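Below are structures written as structure tokens.
Next, two complexes with chain A in common: one pairs it with chain B, the other with chain C.
After this line comes the complex of A and B, so read on.
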């Protein structure tokens, strides 16, 4: 479905994303403490950890909503530590939010179309007249968006107001909007929170499908360990802002430090 | 009792039918005034659409624009140059507002942004007077405030020019913000700052564009009202007349601002001329607010506002 614009680099080349000794501090709270990690092209990486471990902060740093107090971030080999969110989006990093950030007053279709804004070019004059190249452009974008709608099986709700949908569907629409930007790296903040088993299974299917069909690299935060084990190629565990494990899902699950972080140990 | 009913329901209609030419004059005067209200309301709508904030300072922006224009002309600048300079000043103002007021308050509650615009209101008021003085100034744009006759109906040249200018400006803005991708970006920004950023909308650029557009609208409104009644502090009070227009038309609708303005303009003129004498006149000053109040009861989102759907 997606035509790669640049030939994919050799597998051994630089990873897609490098986070290098990144720290974030809010006043007295050290949200991230010298975290380093790499995400390779085409991977699905799960970020796990107890509440307050710094998972969302990590996502916010990568997508430019926070800037690190120390450390560097490189995307496709280029330093982009201090970019702003919209520059990050222009680079090809899309994200969803923990508490669904949809445009609630707009229809599902319009919501997903906003994901194409960065891809739109051309003269405002033509757009105003809705004629010539502008109309062809709008139609082309509409077509792409329809394919995403098909892919995520939300045809039936495309005209519905985004704010009126049940939570599970809102999360799906948010994913659709992120996909509309044709991202290289997709960041998902708890894509399955608050979903029932059936919805979770659907979401897993979509995430794997996106990775498969579009070749999109995905980093997601997830609490449900069975989901994490099922879909991720690699798991990174955080605790108190530090990285405590990084490896294959079964390795991380067996890691003593991770078990301690989740179950708690008495250090008496 | 019957007398009162007759006076309210029948008498005014008989008067209207009795002199159609006079009725036409009243309606035309109302439409002209209405377009001017639309113009001011449009400034509010633009900013409300893009930042979700009710800009309390819109009226003072009108005053400030007119003061700047007159001030520059008093210092010998020809009209065109003064106009260009004023546009530059309003653009710089938009830039400064984005930097100093909006950027630090991103993602804050609406009420906080609203309070910030109240602060902006007082700052601009003081700053304008500091720079340009507080005496009443005459603004002459070369269009005489006189009338000519069309089919036995008096038409005022200044009002006609103002109406045409307003109509053109409103049409251009409506098309630009409804049909281009900026329009979609605007709605996105107004809906959710964070989400808009995440899909690559440069929030700051959008804000500068919108506040500049609101500044441009303020200049036109300032010139038109200023030419009619002189440039003075009371110019900032026309913002109050935009409130009922917004309630009628809906806060986020450009066509709503236009239609709302026309309804208020015509409505208050008709009320003043035909129903005014029943209560001793001076209805014009409060008629719009009563109409808005009635509207709030029946259709709080306005004629063209987005329907308020609450998920239960």
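After this line comes the complex of A and C, so read on.
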């Protein structure tokens, strides 16, 4: 559990994200079955569940990669069930991927700069000439990106090719790119998969830091239960596309349904 | 003698702000860009910090603990403290809480100015034990938003308070600076002692400024120099180069972006004045050679050829021998094709003066950099001498000396062989430790604890810690570390322990380097199963014997030490390991412990046989112990008399 130094989620206002009775069906497979959940502003919510439980599908629905077969999704109080990924990103939802999806041939800096693309305005001509407002804009974006580089402590690899980096660092660069979009809601799909203990600890520190420093709301899929317990305010458990638990980490860990489905500890 | 208008650092800074107002004093790479501050800004920032401290109730003689990576704000914090007649106490930024607690408590620091959240966390814990610490002031607010402790204050807030304070008392800062005197303590530098609690060496403004002046004039440094501030601020060396000399000469100090970016930042800055311990020189060389190995064969061949050539030329130069005509003709071509580009790639093309110090540097390493045309020199000093005692002079560089004493420094060697010195840089004493002061500072002379002697050219040569130096039964001086360093310069020898005090001759217990000896064995098709097995191969003994003989031959050049050649040696069946308490975590040999643990081996070296049975307890990483049995061979190495013939 996190220490109470972080502000409690604001309960009074509307939740940042409301998922209401959402179902997703791929042919005969019911990937999500009438899942409802809310994510409050400033929360860190962990989504757990066995393989095939529908965790990534849930993230994909929220980020607009899939459209729900039934149900509604509201973000900041407005219905946006059928938006496309581009529009979702413009609304302030950014994500990272289970398998790192960086532009491998580009430098770390350029990769992160792509996260700013949606914030860039200006005409093709000015951009081509790199003059006047175009230059000022580029400098402002670069400064923002440098703040993220500073925050995630990746100064030393700023100019390195993204493809040449070890996996743990690639994950960190991907997080940096997501942060560059200044998201209100950040979706992390297994941010710590395949990392060693030290890399995991670093990543935990950064996730808590992002939440604390930028006030970003975070939903993450994670399998490492000690990580889940350490950093999340709330845990949502899925199994066969259904939500089977939703509550404080210690409550969910003690939930017998969750233990049966996922944790695999025999209960007395 | 010091002029009373520039006899303290705050006065010097104000002097620089007038003399060099628009010149860059310090730079820091932040958000990917080098942010520069001129001498006027340097003085102004320190003024605001000082006024802020005054607003919090800072009085003359108060101490400020300064903790963090090299950052302009922390250098300003030291200056601000001194401006109010206070004492700066820089701490190692990687110290754990317990170590910080001891120093903060011992120094009675009322204020701490630190870099970031990491240090704030430590200082808050320290404060729970040391209530005398009243304020913790931080530079980088990242992650500190929700900290509510009343003792916490950001540097910005502090400077804001300083601004308000000055509105009512515009004269305050200048008045306090004017009250400062050369004899005031400027810094308490805690030594990271290997034994017991750290001791706080008090250094006055006079100590530091006079020492800095002396070196600045010897090396002809001026305000155009660029120096990298990347070694810990708590270490007296950084204080001397990045603070004292920078103030005296007016040159620019550059703070790297982070510890990992130092090499890249080095390249961007291109320092003209550079300091590194042998470990860093070695890292830089390794990173270059790896890249050379990755290049196409023709380039690799070219680089190898010209590096060998440069090394030959450098050896001749160091030995004051003439250079062969062919080499002399080819050298300029090498400069054009290899040395220049390589130097540029290392960020070292502008270096006028570079130092190595701290420990012995391998001759290969030293020759490599010098052969590229980089003016690397050795120096000798310690905290108690304001960092500098001896520096090699341009054009008079040797592999194994530290050069003649700086102007104003007197050095003599006591009858027991210990180096003693007296200089304007000699410290005021250990803070609150008169006993240790009395032991070290006798009638103005500092007992360095190092054993050494002067060679025929008046260069000081440091051979070992004085307490480790002994004598052979025949009366010859025996300096174990000196021999061990020579042995360890061999790529095949990883660790060495020499014994000989009170014995008829010197014997050595050696660890082979598993990687390089393993490679060597593979190339020869020599099969082995384990470390122990490899170490006991007769072929490996022969390989190491040649290395020992090489050391013995090189000892001939040393009049005082040539009697202490290594006659017998053995290759240990296991690696010396900190887990087994044989060496410290910083890889210093623990002689007493080894002497006891390996007593049977040592006795065998002085016995008649040619091998010895050993049984040893080893501790595995998980804490289990086991017993290893092996037969260890004893090797013989020829020794040389003065003429060069085997004795």
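In this section, the second predicted complex is superposed on the first by the 251 of 268 C-alpha atoms of A that agree within 3 Å, B and C clash if a C-alpha of one lies under 4 Å from a C-alpha of the other, contacts with A are read in each partner's own complex, and residues count from 1 in each chain.
Here is the rule we use: contacts are C-beta pairs under 8 Å (C-beta built on N, C-alpha and C of every residue); 3 or more make two chains touch, one makes a residue touch a chain.
Since the structure is predicted, the reported quantities are computational estimates derived from the model, not experimental observations.
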Inset, instruction - State whether chain B and chain C clash or fit side by side on chain A once the two structures are superposed. - result: fit
Inset, instruction - Could you tell me if A:170 is touching chain B, chain C, both of them or neither one (first, second, both, neither)? - result: neither
Inset, instruction - Between chain B and chain C, point out the one touching more chain A residues. - result: B
Inset, instruction - Look at A:60 in the shared chain and tell me whether it touches chain B only, chain C only, both, or neither; answer first, second, both or neither. - result: neither
Inset, instruction - Could you tell me if A:184 is touching chain B, chain C, both of them or neither one (first, second, both, neither)? - result: neither
Inset, instruction - Based on the superposed arrangement, let me know which partner A:120 touches: chain B (first), chain C (second), both, or neither? - result: first
Legend entry - Geometry of the superposed three-chain model: angle at chain A (Cα centres of chain B and chain C, steps of 10 degrees): 90
Legend entry - Which of chain B and chain C A:110 touches, first, second, both or neither: first
Inset, instruction - Would you sort A:213 into first (chain B), second (chain C), both or neither based on which partner it touches? - result: second
Inset, instruction - Once the structures are superposed on A, label A:149 by its partner contacts, choosing first (chain B), second (chain C), both or neither. - result: second
Legend entry - Closest approach of chain C to chain B (Cα atoms, Å): 14
Inset, instruction - State which residues of chain A lie in both footprints, the one left by chain B and the one left by chain C. - result: none
Inset, instruction - Could you pull out which chain A residues touch chain C in their complex? - result: 5-7, 142-143, 146-147, 149-151, 153, 155-156, 158, 209, 212-213
Inset, instruction - Report the residues of chain B in contact with chain A in the complex, numbered from low to high. - result: 175-176, 179-182, 184-185, 187-188, 191-192, 194-203, 306, 309, 311
Inset, instruction - Would you mind writing out the residues of chain C in touch with chain A in their complex? - result: 30-33, 142-143, 145-146, 257-258, 260-261, 264
Legend entry - Touching residues (chain side chain A, partner chain B) in the complex: 63, 65, 84-86, 89-90, 94-95, 97, 101-106, 110, 113-115, 117-118, 120, 124, 127-130, 161, 163-164, 177-178, 181
